[in-house]
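Let me give you the structure first, and then I'll get to my questions.
Going by the order they are written in, the chains are A, B and C; count residues from 1 in each one.
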Amino acid sequence: MDTSSFLVQQLINALFLGSIYALIALGYTMVYGIIELINFAHGELFTAGAFIGLIVLAALQKYGFVQTHFVLTLFLVFGMAMAYVGVLGVAIEHVAYKPLRNASRLAAILSALGMSIFLSNGMMLSQGVSDRAYPALFGLKGITIIGARITYGQVFIIILSLLLMVALNMFVNWTKLGKAMRATAQNQVMARMLGINIDRTIRVTFIIGPALGAAAGVMVGMYYGSVRFDMGFIYMIKAFAAAILGGIGSIPGAVLGGMIIGGVEVAWSAFLPSAWKDVTTFIVLILVLYFKPSGILGEDVSETRV
Amino acid sequence: MIDLALKNVSKRFGGLLAVDKLDVEVPKGKILSLIGPNGAGKTTVFNMITGVYPPSEGTISYQGKKLNNLRSNRIIRHGIARTFQNIRLFKSMTVLENVQVGMHCRTKSGAFRALLNTPFAIREEKEIIEKSMETLEFLGLADHHNEYASNLAYGDQRRLEIARAVATRPEMLLLDEPAAGMNPSETAELMDLILKLRDTGLTIFLVEHDMRLVMGISEMVVVLDHGHKIAQGEPKEIQQNEKVIEAYLGTKVKAKA
Amino acid sequence: MRKMGILVLCLAVAVGFSSMAAAKTLKIGTLSPLTGPYAQDGTDILQGVKTAVAVFQKAGGIPGYKIEVIPGDSACDGGKATMAANNLINQGVNGVVGAYCSSATIPSSVPLNEANIIQITPASTHTDVTARGFKQIFRMCPRDDVQAWSTVKFLEDGLKVKTLALIDDRQTYTVGLTENITKFVNEDKKIKIVALEHITPGDKDFTAVLTKLKKLNPDAIYMGVYQPEGSLMVRQAKALGIKATLLSEDAVYHPKFIEVGGKAAEGTFLTYAKAPDTPERRNFEKTYKKMWNAQAIGSYGYYAYDSAMVFMEAVKKAGTTDTNKVAATIRDNTWNGVSGKIKFDEKGDRKLAHIIWIVKDGKFVPYWDPMTEKYF
């Protein structure tokens, strides 16, 4: 393996890891943008997505559906996982966050932490404590570019996550509801004054953010081949760092932050002693926040709110 | 014909009586100004009308329908739009997008259809853009439609606030100190604009400190002091009212009507 | 703090004596991770102990004694394990089976040693576990250096590799392994170690590190990790097109490794002790699978079963729960376990050698014996 293929390979590794962090970070940033709450249960929603995907995939495989309708299988697995977790997201918002919307910030954060523990334990009890194997859809076949190897599964996952990010961007910028969402995030009182139904807009945010997390969950399960009830934790930390790094509340910021965190992690393991890998994420985070406290693409949040 | 009627309206914040048994009637298609010294309760009146908070007592009705406990997003559907004393634009949206958001309460496609981008929603979105551009044209902001709201000049930001309110297709417009911070030439333009809006059939309810503007365009003036209505009448009557002059203390009422 | 500790200890001992006198219950505590990433192995251990108690009682038990199992969650964490150990002491246990991670076993063994309670670990292989002169601690599984010796022997004389890369997850157990392997390899000077890389337990993506190793192109890669990371690592190595021989150890020897690793697990070598196929072993497997509705048994299920069994047999044989007498009985006798013959040395270590296994057609198959240097 020569140096150029080594670099290309590490670039692929970083892009892959970065897209998954980015997808999860989007959920944090959207929810924070609209109600200024760190949704600590997001990591568990990601895991729930992976489990729903597993259940659907296992069921389809049992009836030989996967072999005959491959594309439809993918559609069903991702669709069902995203739909279920979207509904779960709305339910959580309704039960755990909505009643606290006018309470102190701390109360809402505690509620979010509680929800996270509740969901994590719920999954442990219903899905077991050990790794669950994900049925292999793509296998190990792949293509070689300049000596670097990328499997079809990775290609599919990178393309799908980029598509989801583009779709989200189009939704937020070009549709009525997307604009309502941005308006609500910027000034809730004014948005309501202009006839925007704030509750509905928040609900939609709690569908989209968790659904993207669920998609990332299915991707992780599919590619890495296993899911476990507590796997959301590490991803939560990384994605949270990504959202902060990019500027929490900013959608392009979350994508950028995810890519940077993925890139830094891979770069560190590739060129420096891997023992220190985990601190790199946070060193980068601290450095960026030192020079730009609102994050790379974050806005100054001093705008008055009533 | 009376559009908006406040009957016996009071607002208490804890022990403070901000508005006391206020009666105001705003006639359709006219310009009515609410004036008074700082802290008189003018913005409180606007906040009650637009559902920021409900009145403690009394009734607010619009075209015969009671508005008392409706939230802001319902009230706008009855045709009452407002601007704020401090500018509240969506700063990281473009000028056009700000106006589009204003128009959304008048469009049909719901959350689900917008999410799926159905042909209907796409066609509707096109119409929204066209109509938003018309509104910007009317307000003289069309050239700036692609700029971020935060990059506009101050006077233009004020006008964009009005444009966004107009985009909700209101029948009545509440303007909270629209001339605040404007220079004389900008204020003169604003007066023309308000008259132009009135001529399209809009009812205008105005809170303003700039007496030249108030006396220049109002057809009726209501004066508030410490939550009480102390006078009501045409601009000329108000300028000669003893109580009003007293309330403003040393403030000389400059009127060149 | 210290005073509190002594107070708790006194209370514990008092409670311990009173409960022994009153109820004549033999209490066996367990320490294993029931939560966290290693909950699978931890559950296997608890189930192994409970199976032993069921089998032992069915065979007559100890006349006049009730036997009770009290589970403790060590969570693979020194602090939590010590708390769980103190809790077991407070409940008056006579013996403890556990813990799992060496990094939990070593701290938790301190209060157990002070309270003089028998401790048998079914899983912790770090040399320090039995190297501190404690008289009441035993180890059912083979030690790190024994396992490292088997590994190096296989690499040098079985595979005859020239270059080797090591990976560990920076935990006491795995670092013990990579350190011992490095030591033996450097002594023999037959193999060159080209890299020592580290990963984080709980991570899922190791592609950056594996790509780095791919570039170095070693003949073999040793994965000093636990099963969840082991499964992911072989998949990613194969996806990256790594051709090096992959080796791992007994913490990866678990049916889940093959289940999750799938085709990528094929051809992986593992070190794990081989036990003779006896009627006791078959009976244990049948009972365990029936009791816990399990398809397969994790390796620590066997060791945990033997740990509990040896303890109960020793109490029966000694005719007392007195720790010093029971410890002497355990040490002085040879026991028939489901993991083979059990004989402890002075330190409390068991004489047990590993063999090399290979994953073939979705099964663990014996491959090479480092003692005889013969293929199976």
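Just so we're on the same page, a contact is a pair of C-beta atoms (placed from the backbone, for glycine too) under 8 Å apart; a residue touches a chain by one contact, two chains touch by 3 or more.
Since the structure is predicted, the reported quantities are computational estimates derived from the model, not experimental observations.
Chain-to-chain contact here is organised linearly: an open path runs through the chains from one end to the other.
Seen from the C-alpha centroid of chain B, the farthest chain centroid is that of C. Mean C-alpha positions place chain A and chain B at a centre distance of 42 Å.
If you average the CA atoms of chain A and of chain C, the two centres end up 36 Å from each other. Once the centre of each chain is set as its mean CA position, chain B and chain C turn out to be 75 Å apart.
In chain C, there is no position where the chain touches two or more neighbouring chains simultaneously.
Counting partner chains per residue, chain B has no residue touching two or more of them. Here chain C touches chain A in the complex through residues 34-37, 39-40, 43, 170, 197-200, 202-205, 207-209, 211-212, 214-215, 217, 227-228, 231-232, 235-236, 238-241, 256, 259-264, going by the rule given at the top. Against chain A, the residues of chain B that register as touching in their complex are 50, 52, 71-73, 76-77, 81-82, 84, 86, 88, 90-93, 97, 100-102, 104-107, 109, 111, 114-115, 117, 121, 124-125, 128, 164, 168.
Of all residues in chain A, only 171, 174-180, 182-183, 186-187, 189-198, 200, 204, 299, 303-304, 306 touch chain B in the complex they form. The residues of chain A lying in touch with chain C in their complex are 1, 6, 9-10, 13-14, 16-17, 124, 129-131, 133, 136, 139-140, 142, 144, 149, 151, 154, 220, 224-226, 228, 230-231, 233-234, 265-270, 273-275, 277-278.
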